[in-house]
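Note that the chains take the letters A, B, C and D in the order they are written out, and that residue 1 is the start of every chain.
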Amino acid sequence: MIHIDWILIIVAGWLTLGIWALFVLKHMQFIARRLFPLGALLGLALAGVALDATFSTPEVAELVIGLPGLPFHLRLDPLSAFFLVVIGAGAFGTSMFSAGYFRTGEGTPPGLLCLEYHVFLAAMAMVALADDGYAFMVMWETMALASFFLVTANHRVAAVRKAAYLYLLVAHVGAIAILLCFGVLQANTGDYTFANLRAQQLGPLWSSIAFGFAVFGFGAKAGLVPLHVWLPEAHPAAPSPVSALMSAVMLKTAIYGLLRVAFDLLHGGQWWWGEVLLGLGLASALLGVVFSTVQTEMKRLLAYSSIENIGLIVTGLGLALIFRAYGMSTLAALALSAALVHVLAHAFFKSLLFLGTGAVLHATGERNLGKLGGLIRSMPWVAWLVLVGVLAGSGLPPMAGFVSEWLLLQSFLFTTVLPNSFLDMLIPLVAAAVALVVALAGYAMVKFFGVVFLGQPREEKLLRAHDATGFERIGLAWFAVGSLALGLFPVPVIDLVDRVTQRLVGSGLAQTVHANGWLLLAPTGVERASYSPVAFLGGVAAGTFLGLLIARRLYRGTLRRAPPWACGYAGGTARMQDTAEGFGQPIRQIFEPFFRLERDLPSPFDARPHYRVLIEDRIWHGVYLPIGRLVDLAARGVGLLQQGRISIYLLYSFVTLIVMLMLVRL
Amino acid sequence: MRALLGQSINLYAAFLLIVSFAMISQRRILSLVHLYTTQGVTLVLATVTVAYLTNQPHLFASAAITFVLKVVLIPILLHRVIDRLDVRWDVEPLINIPTTMLIGIVLVVFAFNLALPIAQLSSSIARSTLGIALACVLLSFMMMIVRAKAIPQVIGFLAMENGLFFAATSATNGMPMIVELGIALDVLVGVLILGVFMFQIREQFDSLDIRHLERLREE
Amino acid sequence: MNGISGTGILAQLLEVVLALAAAPLLLGWVDQWRARLQNRAAPPLTQPYRVLRKLFHKESVVADSASPLFRLAPYVMFGCMTLACAIVPTISTDLPLATAADAIALVGLFALARTFLALAAMDIGTAFGTMGARREMLIGFLAEPALLMSLFCTSLITHSTSLANMVETVVHRPYVLEPSLAFAGIAFTIVSLAENARVPVDNPATHLELTMIHEALILEYSGRHLAMMEWAASLKLFAYSCIGLALFFPWGIAEIDSPLVMLVAVPMLVFKLAIGGVSLALIETASAKMRIFRVPEFLATAFLLAVIGLLVHQLLEA
Amino acid sequence: MPATLPLFLTLLVPIGGGLALALYGHRDRGPEINVAFSAATFAAALWLTADVILGTPMLGFGERFFIDPLNAFLVALTALVGFTTSVFSRPYMRIERERGKMTAPRMRLFHSMYQLFIAMMLMALTTNNLGVLWVAMEAATLTTVLLVSVYRTPASLEAAWKYFILCGVGIAQALFGTMLLYLAADRVIGGGEGALLWTHLAAVKTELEPNILALAFVFLLLGYGTKVGLVPVHNWLPDAHAEGPTPISAVLSGLLLNVALYAILRCKVLADGAMTNGLPGHAMVAFGIVSVVVAAFFLRRQRDVKRMFAYSSIEHMGLMTFAFGLGGPIANFAGLLHMTVHSLTKSAIFFAVGHATQRAGSQIMDDIRGLLQASPTLGWGLAIGSLAILGMPPFGVFASEFLILTSAMRQLPWATPVLLLALAVAFASVFGRVQAMVFGDTNLPALGHRPALLPVFVHLGLTLMLGLFVPPFLGQWYRQAAALIGG
């Protein structure tokens, strides 16, 4: 049995779990305690098989379903295997967490929720396998549809319905763009298998058009800047395990699609493509991180941070495209590895953060940062595991987030050798922006952890918050250990990623990295740059131990508990702490032009002072509402056609007849 | 004698065109019904002539059906509807009569040069009548558009059927029997249903003005 | 790892011990000069050591709502700062730990320390703690990219980001006037002033609610935890000045092939640090403390200067 | 047992049903009889199609009737949807009667006219004589025009009047076109019965006079196009489908439009043979694109649910006309597949909409809220049905749209973005409304009788199957039919 058959069995397994759940529609306990863990184990199996498949030769299979002339072609090559690893790992952790999380049906009957969840997973896995236009489109939109129904789990809330509608609409428009992209790629051969698309030699114009459609289509699903408005609405609306899956894994299928089209089907193409991706990625990163620092609702904060991380990944892809266009395959491999490592790292720490918010939401029923705080005392397990995610999220050294940031900054440093002088000027600015983005991400993560878990609890009921249960802990622990392990042992990850870069850009980092053993990461030679996370953690631990040793030898050994000092002001209530708006206030002031601010500040003579700050996205008002108004105008124009008078209708028929007759006579 | 009869078909065609023009410029409903009846009579004569010339027995049967239907049955029905609903007042055209006449002439010219190439090819006796038949159809179509009342619209619809029937008999020496029967049956049932509708509209809106029927529209 | 030589380990240990010992001395030296320039009676040079000894022997009072994170943070801070001093080549470039982290990892290390400090400050949940954390993160997110860019200026010249390697290449190269280094130098001084809470950004001596940033973070600490924090702060100042020396005045440092030069390197280092301390005191007395919302513009200028340094490098020297 | 028995039964059973129900239609057992007759028709139709598909195309009753793979699959489809609509109309009509909207004579009228309507459509599909095809189409209009105004509301009266007048004018143009065809055939085969038989015309289609055929095709395209609802002449369709009782809307939207398009296809085959400049194809492509784009923008401002889905029918018929206009084996195959899945999905949607409007007591979408909570099967039926009709992948509509758009990309590259934009606007408009109806809290009272929702899920199951896996024999069947259309 070759790998691809095992994967198909796992996907079939997921579907049977879903259908099985239909028959036990209302048995919450059975579904949560039996079906979800089974789904998790299948996810783990998928990750294992995919891991092994990355290191083996590509395999092809054909399913009988599909159009009569075009059955489903499937292909498992290192690129799809890598993304299947991401899907499998994400599925395992999230399913384990869901086993403990889903106590009430969240609005829809639990059986239906389980079906949609597993169809969602199966569709994502099949998207990575699809090897022809039709199969890809069917699996792509089934994924969008399944996630739509998951987002509308508790559809009684009007905001959830609005968010879900916007999500499916943007996803559908994106899918249309992808269909057009495949249409252009097939270049009049009518054969939609990727093998044929790969063989086509398109001229610069048509390949650029295809690339444009691909960026639009996959950007709509990934949340690149102009098409990102659905993400901060849809992710918070979904139940937490689903928003974890959507943020950590579904966005990566869009990255997979972009890689498949740009690198595999279009063979890299022109250099300015990299520039476009660089620009879009940077804009998304900056906008995402700035908006995430000013949010007052925890899941929206994480959703915007997903946009930021996707922006960083796409910046890495852009750089790889530029290098590839100038023929520097090793540097292209460096940039591409940075992007792919970030894909894996983000999948782990973002799932951890979203599942953390899920645990908090379940324990307190609150999602607004203004009503949380001090949960580290009542929910230690969740707090300390989420701390690992926060450190990884802000790209701090021993953790996973830092490795990809380190590789990305390294790849920026070597762009000086580019022949194009304009590009040489531009690259330092982009490097500076990336540094700023990562720093701001740290700011957002500190705000998230500090306001939710530290300080005084802002509501009484927070004291009675119960900690995560058994299954939930396994899920959180899996992602925490994953974030730490990815951070500490980057060399095996580089080996995995190297298999993908070999196929896409022709060279990889494996040899140079292996020269220095599996502890030290020195992608381009030790003398240029090297980073050994294990030694780094060892150094910090040694220093801390040294400090403890010194303190223990010198100190008097007593410790007294007393009310906090607070400069002598006694009786500090929880409301005197910094609120989420307060913590974000400096950013709001510095990055004023980014937001669309509506502020009503109470006047001194106001009997009932009311303070409200509403931060909105300029793009929503600048781009989306005008389009809506335009379509309405067109609809009203067309409406004139049906005015109700029968003589006018007869006139239409009469005039059409006369015109057609004239045409025939010419 | 046969040549004379051949020309008589052209005469009937010309007479039919004149009646169509008259119907457009007519103001009173009763005279509209009378004109419709005369059209029916012309049709019967034309069919008989063609039947005689091409000695096809089934055309005599179809002429008989046309006579019963379009000269006897439908006019009686229209008269009864007019009496029961006492709609005697004259017809309100949406645009004034002179302009309709002008458009009518343009339509006739268009129909003629449209039918010209076909006329040369068709082998039947009365080739040129096809243009006139098409003109009658377009004229009655235009009459339906400009009339604001239900009954003139119905009469326009029936005149259009007459034009088609005349085209069928004159240009192609008559369609197969089954088809003729089917068309006649459809026209009869159509008229019955229209009668029922007119009673319902009258009862619903207590007026037969089409302008009441304009509620279903897009904002 | 270019072979962990015996002398390398010796140099590494010597460097760490030297840093731990000399850091409070440098702080005392700067305070002494500040007092003299403001013609006040200067405190003795060993004043910081006395403060540390006093604090170590006092009882540590911890707020009742503090979580284990609060008590762990000082030691993590101390650990990070010792690793920072171990990585930065002060007396020799043959340091086994140098390959463990390059310039970017060093900036990440400072970020890690800052994150723990901010979280610890927010843990108690007092108004001052959270306000201090917000201000610290505000300065942090502006200073970090500026620091990274100024480090990049040198790494672009030396085509490497590992500090030891950068110092070696600069020392071996014949002296070349590098305008981009000038921009990087100014940016670096601004960032180090901000990071170490010196006067233009934050006054280390005062507890005034409106202006304090660093002091607000360690407000709740006392006893041995406060001692650890103070020591870590002095280590941070020491590390920053060593980075400054390594980047811009690296001469007189021992290399792999000549370990004996270390004996010369120590006095040279002390001399350079003394001059740095005096210049720091001069800057502090010459400039007044900025309003908190002037600081972002101040740091933004540093950030722009560093980026312009990079561009200048591309333009002139690439 | 003569070979033409299944054909004889397929036509006779509904006519017999019509007459029987004219007598017993008003009895309380009326709906059951209606279902029985429809089931019998469905069985006969299956038997007929089985014969034709396994055997050879069949000429019945002395060449007056002709069955080949093209109209065989339409006969099967019409019988199936006719049967399922009768199953749906059983509880629907009973509830309408209890609410006093349907009196005994109207029930009788409804049932007998329903059966006659099915009979006339089957007649139109199976006949070989183009004149009889015209007569059957006219009869189909007549049988449904009374049903559209059965509720006697001012709006339904207006809709019926417009339906009759506009379709009457359209059909008249089609008669003139048939007459011109007869004229052209007369010159080649000579007069009499044979000149109007499609098989004879198809045999000699290359020798027919091109410019007579051009004129004839224009009249036929416009005539039957009015029945298909192509845009400049579509105005009757939204009113008629919205005002009539829902079973009638389902059957009108699902079947009558297909039969009209089938008639145009028959004429297109002849016109393509005679003319070389490809006018029929270009005309149909033009009408198709205009219909899709204009209908998509019509959907935007709808407030009545049945009116909205009527416009969606116009859009899909436009798409099919575009596909058949393109010509070529893949496009024709896609058009036929789209015809099938559109009828199945649209009738399923009208079943769900019927029960939803009955529960809400009004067809205005703002009054229908929280269907999913009111009755899950109804809510899910409408949600999945509307997603299917909007072309979301796992369903068959996406499969056929994928084929249409990809073949369009090869032959008319500029048309694809226009169509896709229109489909996107349609998706945005329809799904926004449907989502508001399906989700959220409900205040809808329960229905008297249990709604018959089995047909909805049978249809959606078939569409899902066609979307993922077109069985080989069905694929072969469509390919033969596509080859027949040719061109």
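Simple rule for what comes next: contacts are C-beta pairs under 8 Å (C-beta built on N, C-alpha and C of every residue); 3 or more make two chains touch, one makes a residue touch a chain.
All values derive from a computational prediction rather than experimental measurement.
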Any chain in contact with chain A as well as chain C: none
Result of counting contacting C-beta pairs for A-D and A-B, higher pair: A-D
CA centroid of chain A to CA centroid of chain B, Å: 70
Whole-Å gap between the CA centroids of chain B and chain C: 102
Distance from the mean Cα position of chain D to that of chain A, given in whole angstrom: 44
Computed distance of Cα centres, chain D from chain B, in Å: 31
Residues of chain A whose C-beta touches two or more other chains: 636, 638-639, 641-642, 646, 650, 661
Chain D, residues touching no fewer than two other chains: 161-162, 165, 169, 211, 215, 238, 298, 301
Junction residues of chain C, two or more chains touched: none
All chain pairs that touch each other: A-B, A-C, A-D, B-D
Residues of chain B touching chain A in the complex: 94, 110, 113-114, 138, 141-142, 144-148, 153, 210-211, 213-219
In the complex, chain A residues that touch chain D: 64-69, 133-134, 137-142, 145, 152, 155-156, 158, 161, 164-165, 168-169, 172-173, 176, 179-180, 183-184, 186, 188, 190, 192, 631-632, 634-639, 641-642, 646, 649-650, 652-653, 655-657, 660-661, 664
Contact set on chain D toward chain A in their complex: 161-162, 165-166, 169-170, 173, 211, 214-215, 218-219, 221-222, 226, 232-233, 235-236, 238, 279, 283, 294, 297-301, 330, 333, 372, 387, 392-394, 398-399, 402-403, 405-407, 409-410, 416-417, 420, 423-425, 427-429, 431-432, 435-436, 439-441, 467-470, 472, 475, 478-479
Interface residues, chain C side, partner chain A - complex: 1-2, 53, 56-65, 67, 69, 74-76, 78-83, 86-87, 97, 99-102, 104-105, 108-109, 111-112, 115, 118-119, 122-131, 133-135, 137-138, 140-142, 144-145, 148-149, 152, 155-156, 159-162, 165, 207, 209, 219-220, 222-224, 227-228, 293, 296, 303, 306-307, 310-311, 314-315, 318
Contact footprint of chain B on chain D as seen in their complex: 129, 131-132, 134-135, 138-139, 142, 145-146, 149, 152, 154-155, 157-162, 164-165, 168-169, 172, 175-176, 179-180, 182-183, 186-187, 191-193, 195-196, 209, 211-212, 215, 238-239, 242-243, 298, 301
